[in-house]
Amino acid sequence: MSSNPRIVLADNQYGKAETRVVRIYRDTDRHEIRDVNVSTALRGDFADAYRSGDQSKVLPTDTQKNTAYAYAKEKGLREIEEYALTLGRHFVADVAPVRGARIEVEEFAWARVEVDGREHDHTWVRSGSEVRTTVVTVEGEQAWVVSGLRDLVLLKSTGSEFAGFLTDEYTTLPETHDRIMSTSLVARWRYAGTEVNWDKSWADVRRILLERFASVHSLALQQTLWEMGSGVLEAHPEIAEIKLSAPNRHHFVVDLAPFGLDNPNEVFYAADRPYGLIECAVTRQDAPDPGLAWATVPGFA
Amino acid sequence: MSSNPRIVLADNQYGKAETRVVRIYRDTDRHEIRDVNVSTALRGDFADAYRSGDQSKVLPTDTQKNTAYAYAKEKGLREIEEYALTLGRHFVADVAPVRGARIEVEEFAWARVEVDGREHDHTWVRSGSEVRTTVVTVEGEQAWVVSGLRDLVLLKSTGSEFAGFLTDEYTTLPETHDRIMSTSLVARWRYAGTEVNWDKSWADVRRILLERFASVHSLALQQTLWEMGSGVLEAHPEIAEIKLSAPNRHHFVVDLAPFGLDNPNEVFYAADRPYGLIECAVTRQDAPDPGLAWATVPGFA
Amino acid sequence: MSSNPRIVLADNQYGKAETRVVRIYRDTDRHEIRDVNVSTALRGDFADAYRSGDQSKVLPTDTQKNTAYAYAKEKGLREIEEYALTLGRHFVADVAPVRGARIEVEEFAWARVEVDGREHDHTWVRSGSEVRTTVVTVEGEQAWVVSGLRDLVLLKSTGSEFAGFLTDEYTTLPETHDRIMSTSLVARWRYAGTEVNWDKSWADVRRILLERFASVHSLALQQTLWEMGSGVLEAHPEIAEIKLSAPNRHHFVVDLAPFGLDNPNEVFYAADRPYGLIECAVTRQDAPDPGLAWATVPGFA
Amino acid sequence: MSSNPRIVLADNQYGKAETRVVRIYRDTDRHEIRDVNVSTALRGDFADAYRSGDQSKVLPTDTQKNTAYAYAKEKGLREIEEYALTLGRHFVADVAPVRGARIEVEEFAWARVEVDGREHDHTWVRSGSEVRTTVVTVEGEQAWVVSGLRDLVLLKSTGSEFAGFLTDEYTTLPETHDRIMSTSLVARWRYAGTEVNWDKSWADVRRILLERFASVHSLALQQTLWEMGSGVLEAHPEIAEIKLSAPNRHHFVVDLAPFGLDNPNEVFYAADRPYGLIECAVTRQDAPDPGLAWATVPGFA
């Protein structure tokens, strides 16, 4: 233990990460499935666990895992936002040393298998690489919900330019007025409150993101992101702000001239690294700023 | 160089792996996309490159990459089997020291984004985690095609048992007559010839695999695989044999009794490792055995 | 473009991620190697790129990549902190619209191959899975350096307990007074200034982290982290604060009783998921709080 | 079940993959650790499990996992080859329907943490990214051992050329007489028998691979591989053949001329994909050919 009184414990949290819960609803022959990855983290009066090893205020991470499973049965697991809110409020309300909780849920999508053109009752195939996400932060009586998606991979084969940019002595990039634009989008949006039709809101935000990506004639990925983000806020008053992180997955036109071939944007090399990375937040001018809703750990990045 | 004449070079091949080719067809406003990962490997008279460093018979792997790009324009890239056959036959026919070639292509699926309910002309979203595959092996005048898919993730929430199994002194597993069965399927099938409607055949094999997985009341994953494999051979005379590799992605019923809760197959823990792994081949009794079609490297595994 | 004046662009940055630079020093026969992954991100007056697609203030990410390569030659690439500071200050000082920059560098370690017991002049083998990291944030005239490491995998086979913890109705975990403790540590520490012997400081922090992990009889992973973090601050006045993120990589004693075998902590199952996750900051009481040094994007988490 | 008698089950096997076993020896205060990943697969008379779902000859994969853990205690886990041989022979000898077994073991390396310059008794840090491997195949009374390593990442900054190669109309690559050569080696070697000092043999093969990579002035990666492979066979009469698979991890010299900078092989771009891939086997002329020792599944690739 540090003998130096000027060295102090600052922000901290602990929990159980990546508890894999699959919930089957089988009240009728037509089963339903929810497949999630849950991470819980608790904040509160835990300094003694660090400074003297006293665990008397520490609810084991194993118990947090048990609670995630038990609540999937006891409280149900339908909309991940509701499930996360219920878990987070439980820890803060029912476990004395806990003052705050962060509950993160990832949901994996399944589509029903079709047999003879009809949806099967109890068989699914994983659909899409994309993951639906939510992070619920509870602090005392308050709660914030940040929902989103990641690994949404998009590509448009025209309707994208990049020209008129700033140059310096290290610039060699030529301008282009027709290129492939592709990204693997991470989008997260903070709800103003907690009374929301979560599934419906999520699906419509996703729809807007896709439609704007497709429809905007893009002068830069930045512009496309702004159109996506502002489009979401315009249509969804229940959302206070949205943050987008978009790698620019470069597709380079291959030079086929050495082989006597023309290549008018038909054959591309899809590069892995490096990649551009554009990150922005779009918010309402009058939105309060609960930065806490976004923090992985308060004070961490 | 080894001074020991009894130490010899045996099977070998070399090539360029994972060339990422994106081919856009833009002859009309409605673009088409093919997104593939190509690996080429050449076999032949290359012993001098090993034993004395003489490269005079070695076509650079960089040239193989160039050829993959050039052919996407020159010969086209529609069905991956045709593209791979064309590439493989080129190397064997046109590059003197080359006696055989192995061309592997992975294809990533894209679905058109919908805007206002209509498919967009030039914007796509990646669909599914599953990958379509083909391996074409050319040896002199002969060619074999092994097509398939991987990462096809399936789950059924009932209709699966595991009981009546052999036990020994290390057995603790209880029998079950109702469990989740889930896998991430790898399927590969060898065509008897090379005159095939590749896209149509692939789509129908996939349909059969899904339908059998859903419809068979399973007494073991082995049984399900047999039904899938034999179902494909029954319906597709153009296919000589099929090989299936299926991890048993265990979903364990969580014991909620300590919390006073019943759990009649509703809440599961989805485990990562270890996992069961079932591998089998289903073939026609009279099918010739071109094992070469399956070898990553002749003589390797 | 949004027609709603109350919807605004908030925090944003853009750059080139994961530029892979290998720098060889070959002034003598004994070469030196630096192998890094560089991500640069710029902040400043870029709103027009979002709102109207005007790129006239946007230095391309391709140019940022070029600069990373050019500087490896022009300015040198020895200590990653110096390299990152030089890059960051360049963008802020020399590119008019840029007000801030975030430069992240990962360094991969190589050890010289030994031939006949002597270190080879120009051949290396990758050593360790661990990665050295630094993040330099420049804002106008100011600069902060946060260095660290990740993927440092540690294990002790005894000297670790977990007992006396809080319980509730979802607790089933038994107490233990002897267990395996293992983690894959992420450590990051913020320097108070920028005049530091970076390589020497980094190596000694790493030494302290390892020694404390080994030497502390642990009543909880929290206690071990506190001892590691406070130990670093005690020995290194140039460091203002340190943040640790430590998964508890569970190793469960396997029940061999069904097979008539005792298992006094000799055979373990190393689990993947879920895992405990303990995160904490240790700081000096009087340290100023430049939270900006830690932000991936200002306002993001 | 297939009603077509001409459709038959061919090669098949089943087992438990990736059982993570950590074995601590703690007979004295100075503990020892073995950290492995075990995959077992059984072959034999299992057709009924496929064709009718009859499991009466199927030992559960769960039992195979239990056996892997029990044997780590009962028989010990020191050299992975001995452990794998013992497991494989047990399944074939003691489980009636089993005719063959394939046991694959990966071992992760740990180095003792040093405290005050002395090795700690019970604390380790993961050393290196490389993995030691063995595959033991038992068929009736016979057994073969194929040991090896993977993810051994090597780089030399000079002493490598590529010139004088074959060209065709798709060749654009210039010759080079000085380049970086780097690979992530997979090496596997088959022992002629099973009476071997496994640890000693493995360590010396690794030494030879590294020394040859460093010492050979390379005219091509092929030549380096030949020198590595033949060097192993020359020094190790107990080894019958060796197979090497080596990606050519390209490091491209960055063109700094646009920035007025010379770049005499000092600054490189380390590329991810595509990469060259060279695969070869080196064998003794009179070595018998138990191809079975190399098969993942008999008949599979």
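Worth a mention:
By written order: A, B, C and D. Residues from 1 in each chain.
Basically, a contact is a pair of C-beta atoms (placed from the backbone, for glycine too) under 8 Å apart; a residue touches a chain by one contact, two chains touch by 3 or more.
Being a predicted model, the structure only gives us computed values, none of them experimental.
Note: the chain lying farthest from chain A is D, by mean C-alpha position. Looking at A-C and A-B side by side, the one with more C-beta contacts is A-C. Distance between chain B and chain C, defined via averaged C-alpha coordinates, is recorded as 37 Å. Chain B has its Cα centroid 31 Å from the Cα centroid of chain A. Between the CA-based centres of chain A and chain C the separation comes to 22 Å, rounded to the whole angstrom. Annotation for chain B: residues 20, 66, 70, 170, 172, 258-259, 272-273 touch two or more other chains. Contact residues on chain A toward chain C in their complex (touch as defined above): 1-2, 4-20, 39, 41, 46, 49-63, 65-67, 70, 94-95, 97, 162-168, 170-173, 218-220, 222-223, 225-227, 230-231, 233-234, 241, 243, 245, 247-248, 273-286, 291, 294-297, 299-301. Residue ranges on chain C touching chain D, taken from their complex, read 20-26, 31, 33, 35, 66, 69-70, 72-74, 110, 113-116, 120, 122-130, 152-159, 180, 210-211, 213-215, 251, 254, 256, 258-259, 261-272.
Chain D meets chain A in the complex at residues 169-170, 172, 258-259, 272-273.
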